[in-house]
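In what comes next, subunit A is part of two complexes: it sits with subunit B in the first one and with subunit C in the second one.
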Partner chain A sequence: MPLETEARAQIRALVAEFRPEHGDLLAAMHSVQHHLGYLSSEAMEVIAEQLGLFPAEVYGAASFYEEFRFTPPAQTNIRWCSGPACRLKNGGGIRDAILATLGLHDIPGDTEDGRAGVILGQCNGACELAPMVWLEQPSTHRIEFVGNLNAARAVRMARALRDGATIEASIEETKRA
Partner chain B sequence: MPDAIERYEALRTTADAEYAAWRNPLRPRIDVAIDQSSISNGALKTRAALERVAAERNAAVDFGRVHGYGMQWVHPSVQVTFPDGATVLYGPVREADAAAIVDEATGRWGAAATLRLGTITGKREGVPSIRQHPFFALEPERRLLRNLGLTDPESLNHYLARDGYRASARIFGRHVSEEVVRNTLNDAGLTGRGGANFPAGTKWGFLFGAPGEEHYLVCNADEGDPGAWVNRVVMEGDPHLLLEGMLIGAYGTKSKAGFIYLRDEYPLAIARMEAAIRDAEAAGILGDDIFGTGMPFHLRVIRGAGAYVCGDETGLLASISDERGMPRVKPPFPAARGALNKPSNVNNVETFANVPLIAAHGSEWYREMGTKAQSGTKIFSFSGDIVRTGFMEVPFGASLAKILEACGGIEGGRALHAIQPGGPLGSLVPASALPKLTLEPASFTPYDAMLGGGGIVFASDRNSVLVLAEMFAQFVEEESCGRCTTCHGGNQRKTEIIRRVMDGNGRRDDEPNLMMIDRTIQFSNCAHGQLSPKSMRNVLQHFHAEYEAAMRGEDATLSLKGATRFRVAQPRDARVEEAVAICPVGAFHGSPGARSIDEAECIHCQACTDVAPGAVVREAKPAAPRMVPIG
Partner chain C sequence: MVQITLNGQTVEASAGRRLVEVIKEQGVAITNLCYIDGLDPYAGCRTCIVDVVGARPTPLQLACVTQVADGMVVNTETAEVKRTRQSVMSLILANHPDRCLTCHRRVHCMPGDICLRDDVVTHRCLTCSKNYRCELQTSCEIVDQGDFEEPWVGEPRSYYETPPPEPDRGNPFLEYDPQMCILCTRCVRACDDLRHTGAVTLSGKGHRTMIAFGTGGSIHESDCNFCGACIDVCPTATLMEKPNKWVGRADDWTNSACNSCAVGCTISYGVADDRPVIVRPDRLNPFSRDQICVRGRFGYVAVAERERLTRSLVRAGQRLLPATFDQALTTAVDALTAVKSAHGADAIAVLGSPLATNEEAYLLARLARAIGTPHVDFSHGMVHRAVADAMRAAFSTDRVPATLTDLEQAQTVVVAALDVEDSHQVVSVRLKDAVIKRKAQVVIVSPKWTALDRWAAAIVRVAPGQEAAALQGLADGGSAPAGVDAAAWARALNVVSRGKGASAAVVYAPNGADGAARAGAAATAAANLAIALRGAEAGSAFHYLPTDANVLGIADMGIAPGAGGKSFPEIIEAAQRGEVKALVIHADNPLLNAPGRTAIEAALQGLQALVVIDSLRSTTAEYATAVLAAAPFFATDGTITNADRRVLHQRSAQRARGQQSDGVAILAALANRLGDREAPSGFTEAHEALAAATGYPTMAQVDGAPAQVRALVATSTTAKPQPAPAPTPAHSGLTLATGRSLYTSWDAASIHSDDADKLHREEAVWLNPRDAEAAGVRTGDVVDLTDGIASVRIAVKLDDGVAAGTAYVPHYYDGGALMALLPLGGAGASTAALRVRALQPA
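And then the complex of A and B:
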């Protein structure tokens, strides 16, 4: 038995309600990521114990999904909509401009100082706002929708985030011309 | 022991009283549309502003909530219901419009005249019925969407008062046999709305006849096709409609438990479905003792985590069962081996949503709508380069040309270029097909195309069709579960080739290679692989001239990297310096007044043309003698 650290006890509490062979794995992983921001290897061990699985099975499942991450998240994530309506309105250029502004090469990616990250978004049916991104703050679960973007607005917004501006101030940047 | 119907009537007494008071309130009520689209458009800020104004003025109004009516381009929208029962729809209502709405609601009729869209019920001098809006020209009658705008989607009592759960009470009271329930669905012609179009009643029969006591009824609410939000509208707009469909499904399949596998991208739908389950349990409509009959049905929402192939029913069942969500070969079919390895049945949200309507009104009523081959109505979501983005419920067989008209046509006076139905595994159909297309599966077959789950994207001539083909190529590649080399590797190669063609480096043998990949991917386990080459195949079939042009480095739409460049056209224009400042890669060189763009550094993001249109231009690359490598 691994040592019962405080962190481990906290994770254990988050998944205490879940049972083996009950279809609870996704819920357990969501619960941990929601509260702690990501799935640490310790968390996957605890989940495995709770659900009667091997840690490798938990990691195997977790790594299958776009949403789960294994390192702490950036302070603010830009979730870029990859959907068709956004793409028809230069969504691709907006993605490339954001990545270039943050010095990143691919999605998902985080800046070295952990201030900003870019993650993949899927169309959720608010296409009248295309092209759009979401700004998300994992620590507070805050989500802001930023629609009717263009590449120039996206560059201003990404620069503001990169330079440490708040979500509000970064969104304000998209409202200038 | 009271009969199920008596239990139902007892619930109705309270429900009817509550709903009557909501429909004819003592003082005016402002209902803000709260759904994923309206929230994205700022509905929560609008609501906060309305409440602030009302509090400041001590205004005699109440607040409530509805789901948006379908016209998403005018979100955030707001409804005001007056004591006489008339309901007027307004939009877009921004924070700054809050005072006008509160004024209009509290007696200064006319204060918000310019925001009025129409009446939802009742009459108001000079305000047309919303049904006369051109967007609804093809909606003869709302069936699946009948409660939108007329109920609070979070209220079980509202659903009950609109005759909801009556059919299931009758069924659970054993006034209808399981077989009759299933046959009625088949008589109605209800087929699966998730893509495969299989008769629902027949599929239920497979699970009904499966051995053992543990049967699981599963709802596929993964709705992974980008551009489709049909299932979302049902779950956010009328969650009990889905629950009632599943409840009747539990009866028709002998299931005691079930799951709703709901995509993570729909947090509001998750919240509303979970709340609806709790409310139905508390009322004895779900749980251990449905309508006092002793029959149990327990439902749980399983939240997905962003994997498209978990929309495939075998992937979905693996995902529910604590495994990687990888699709597998069928058989075994879900009725033999499903959730947690027990016999199961999977249906789409909209398939279930049709069931209470058929159970209540009969199969003949159902067949009044639609065509001989495909009866009923279907919800579609329309997006892309159109004036009006939103959703509507139309009978199968509606003319797509008329739909485009209802959507206000193509934006900015441009021409329709391509129609994209059915998501990433769907198709790319040329504009020339529009006059012949109707919204039913068979109409798309001649174009080697699929209607799919209900998302339709209209693309204008602003983009090359390759832009969409590349997007879907990347999508199906990234979402491949990796089980089959044909699907995983084939889609990687396909994406590489499409990108190469777009970048002006196409090769002569790219086309035969694309066709070979297409043939090879047919040898893969699941429909994800098998259908993944469709959109590229459609490009070669229907847009061949455009593909050939891209191979030559030409592109009339100026949307392909290989055929275009960015250039400073007016070096002395003051805005050029803004362009220099915004360029994220520093591609501008030279001194002010004599700037130029280094083509090798430029990533074609368009930020410069956004801030200095005309001064910086995107133009066709000058024709250069080009070596076409062989092989």
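And then the complex of A and C:
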């Protein structure tokens, strides 16, 4: 039985309210990811212990979902909308432009310095803004949408994020003519 | 039993059985890539389709899901069945290299040949480690897949176009290559349902689904304990043993028995080029059946072949030089004869080994008689005899009829062992089975956390040495012993009081490093608890698990002090005083095995003659006058007697190398030269002689019903509760807890190899955080663990699963360095408290 470290105690507190055989696994994983940004090995072990599961069962469930991540998140995530409306309005091109600007190959991916990452988003019905992305800051839970993109604006936004600009500054970049 | 018609033949089968098992038993070839015999069907691969006449909605049914019913008419070879199976197989091959599997030329190809169909080298069966022992390959042959589809050439196909996922080759036991995986999930279910370890899972989804270990990292960072049950069931080369991976295709199989612990799992050695290359569980032992552990599966490669002795050694001044067997034998005989003529036979002592076979032990006892000395023992002899005495007092025999298979039916089990998962893993597996399948209640009495804890109904965490008090308390329904959590104690008492009756059992596993007093007290208390639980039938409910494989066997063969003979600690003391001047040690290493290392080292140094018979140049052999090279355990024919008193036939899986001789032959030659002209020199004759002398079953009986024949089991037992053992006084410092750990190999520890623990998991002292805080040490710190005289340098790990006041160190750490911290004769009431002295921060 591994030792109670500070990090472990923190995770334990996050999942203390969840009970075995209550269908609480997803809620527990969300709680940890919301507060810590990702599911570490240690976190999955603590969740397993709390819910009477094997760590492998927790990982098996978590890895099924695109949303859960197992490495610390980037400073700012670009959540690329994969919905049909965005795709019809060149969402694919926007994605490729962002990935190329950040030097990434696929979604999900993070830049090496951890400043920016791209993750998959699902349609939330704001299709009048298509094609769109969300900019998210996991540490502050701040989320801003950026709509009606085109490739040039997406590239300017991604460049700003790559170079360490704030969310506001990056959004400003998309508004420049 | 009902009758079914299988391909026109009438077959008897019990109703409700899975059809696929019946078909396989009849010797009819059927593909079933995801089914595991005995487990619920998964019905994932769908290759076991058969035609069940009249079945609805279609006669095409999965044989793994279908249950046998009377009058069922089953055809496995109709054209429709064949076609359907082929198309199902085609789907499986869509994400596996298939070109060789569907190519009719494969049998003509050699690995170096240029493929006429342009198949790349890395995708060929011929260059796969599992070629010709692969279930997928066989399955493709059974369904004649080449008849259905041509090898997939020239079209885009994701398998051939995407880079393969990364294999995991980071540990010394298990290799995982995901590109071979067909996602049958047998490994996931074997780990969950056969082992209850739950280290394997399916991860991801859709096209990216893979199996993963633990939380998705490397295997050695997960909770996998490398038992290899997943390797046994894997139909492809996805999960493979790392040792001998590329040569593991056995030409022949040898049934044998594992000698790593007293469970005595039956195993088969796969033999190629006259050496074992692979181990599989052999279902003969009704308790272990299809399960073994990492020690059984990889014990034969724990030590490289070059590290085994192939020549005998003779002392020349400070050095041991190679010699022929005859030279070494003559040196040994001359040295022993010289001591005997100068000081009498009383100056010679003989030490046996609990890893030896019965035949070797029998000859060693004869050798002692030929010498004329009563001083015969083995390093843990005192512990065994203390337990046996306690059992005789309680049950009027130490050869109780309890058998481990009963344990699988028990509803309440009290386990008194340091870590039964580590020391006797298959017992732990069966206990988990009992908890999961039959809701059995397990109470654990131990100073440290074990992997079985998760399934326990109650855990009594005691300080080392307080086990007896806890067990007696459970028997009497008394109050909690000092230091035991009151709530846990109440739970344990509750389980015990509700569990009284026909299906309760007690498992007691002493540790070799425990002193006789401590082991005897714990055994007495455990026997009292068995009597409290089962009354007059307690003898059928008391399971004594010695640490080493053949403790019961060698005791039966007479490896114990004769009249006026000295026990092991007395022999060492006498050697230090100069009364014992010569020692014959067979296959044991007291410097590794026995407490009181400093005294033992001094005794060995002072000897006039030390004759060692071993397959390894052990740390003890370094002091020898002559070392006679014996064959290793997997090259030795013999019998061993497990904790059940089953007599198991350990068969040789390779011929002796170089000038190695059979242990029996060496001991017979020694006995012969020392006066016992009749000593039998072969395994068969030795067994005949020992059967006649001890009442053991003959080889005809042993081989006639393998792993079923039990030796010398008492037919009747009594149940006399004994007075409660005197409580062990607690002391203020740390108390050492040590015992058999899982990964450190006896053989490699005996030669003090750096790789004795190939995973390097067991090279630390585990401390309770409270004790660590008091000592000012943290995980990773290197400390001196000292009793004021000797000290051991060791890294610290903090663990709240260790009882406060306890320092847990695996027994075989650093070649038994720890044994210097214990007094000769083992940990007892007088054992000094340990202190931790911090050396350097991590």
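Basically, the second predicted complex is superposed on the first by the 177 of 177 C-alpha atoms of A that agree within 3 Å, B and C clash if a C-alpha of one lies under 4 Å from a C-alpha of the other, contacts with A are read in each partner's own complex, and residues count from 1 in each chain.
Keep this in mind: a contact is a pair of C-beta atoms (placed from the backbone, for glycine too) under 8 Å apart; a residue touches a chain by one contact, two chains touch by 3 or more.
Nothing here was measured: the structure is a model prediction, and the numbers come from that model.
Once the two complexes are overlaid on the shared chain, A:G60 sits against subunit B and subunit C alike.
Annotation for subunit A, partner touching more residues between subunit B and subunit C: B. Of the two partner chains placed by superposition, A:D163 touches none, neither subunit B nor subunit C. Using the contact criterion defined above for the overlaid structures, shared-chain residue A:S41 touches subunit C, although it does not reach subunit B. Contacts of A:I94 after superposition on the shared chain: subunit B is touched, whereas subunit C is not. Of the two partner chains, neither subunit B nor subunit C is touched by A:E17.
Looking at the shared chain after the overlay, A:F68 reaches subunit B, while subunit C stays out of its contact range. By the document's definition of touching, of the two partners only subunit B reaches A:G83; subunit C does not.
Judged by the touch definition given at the top, the superposed model places A:D113 against neither subunit B nor subunit C. In the superposed pair of complexes, A:G147 makes contact with subunit B only, with no contact to subunit C. Comparing the two interfaces of subunit A, the one with subunit B and the one with subunit C have residues 53, 57, 60, 64 in common. Those residues of subunit B lying in contact with subunit A across their complex are 36-37, 39-42, 72-73, 75, 224, 226-229, 232-233, 259, 264-266, 300, 302-307, 319-326, 339-340, 381, 383-385, 389-390, 420, 457, 459-460, 462-463, 467-468, 471, 475, 481, 582, 584-585, 603-608, 610-611.
Residue ranges of subunit A in contact with subunit C, taken from their complex: 1-4, 41, 44-45, 53-60, 63-64, 70. Remark: subunit A residues 21-27, 29-30, 51, 53, 57, 60-61, 64-68, 82-85, 87-90, 92-94, 96-97, 100-101, 120-130, 132, 145, 147, 150-156, 158, 177 touch subunit B in the complex.
The touching residues of subunit C, counted against subunit A in their complex, run 191-192, 197-205, 212-217, 221-223, 449, 453, 769, 779, 797-801.
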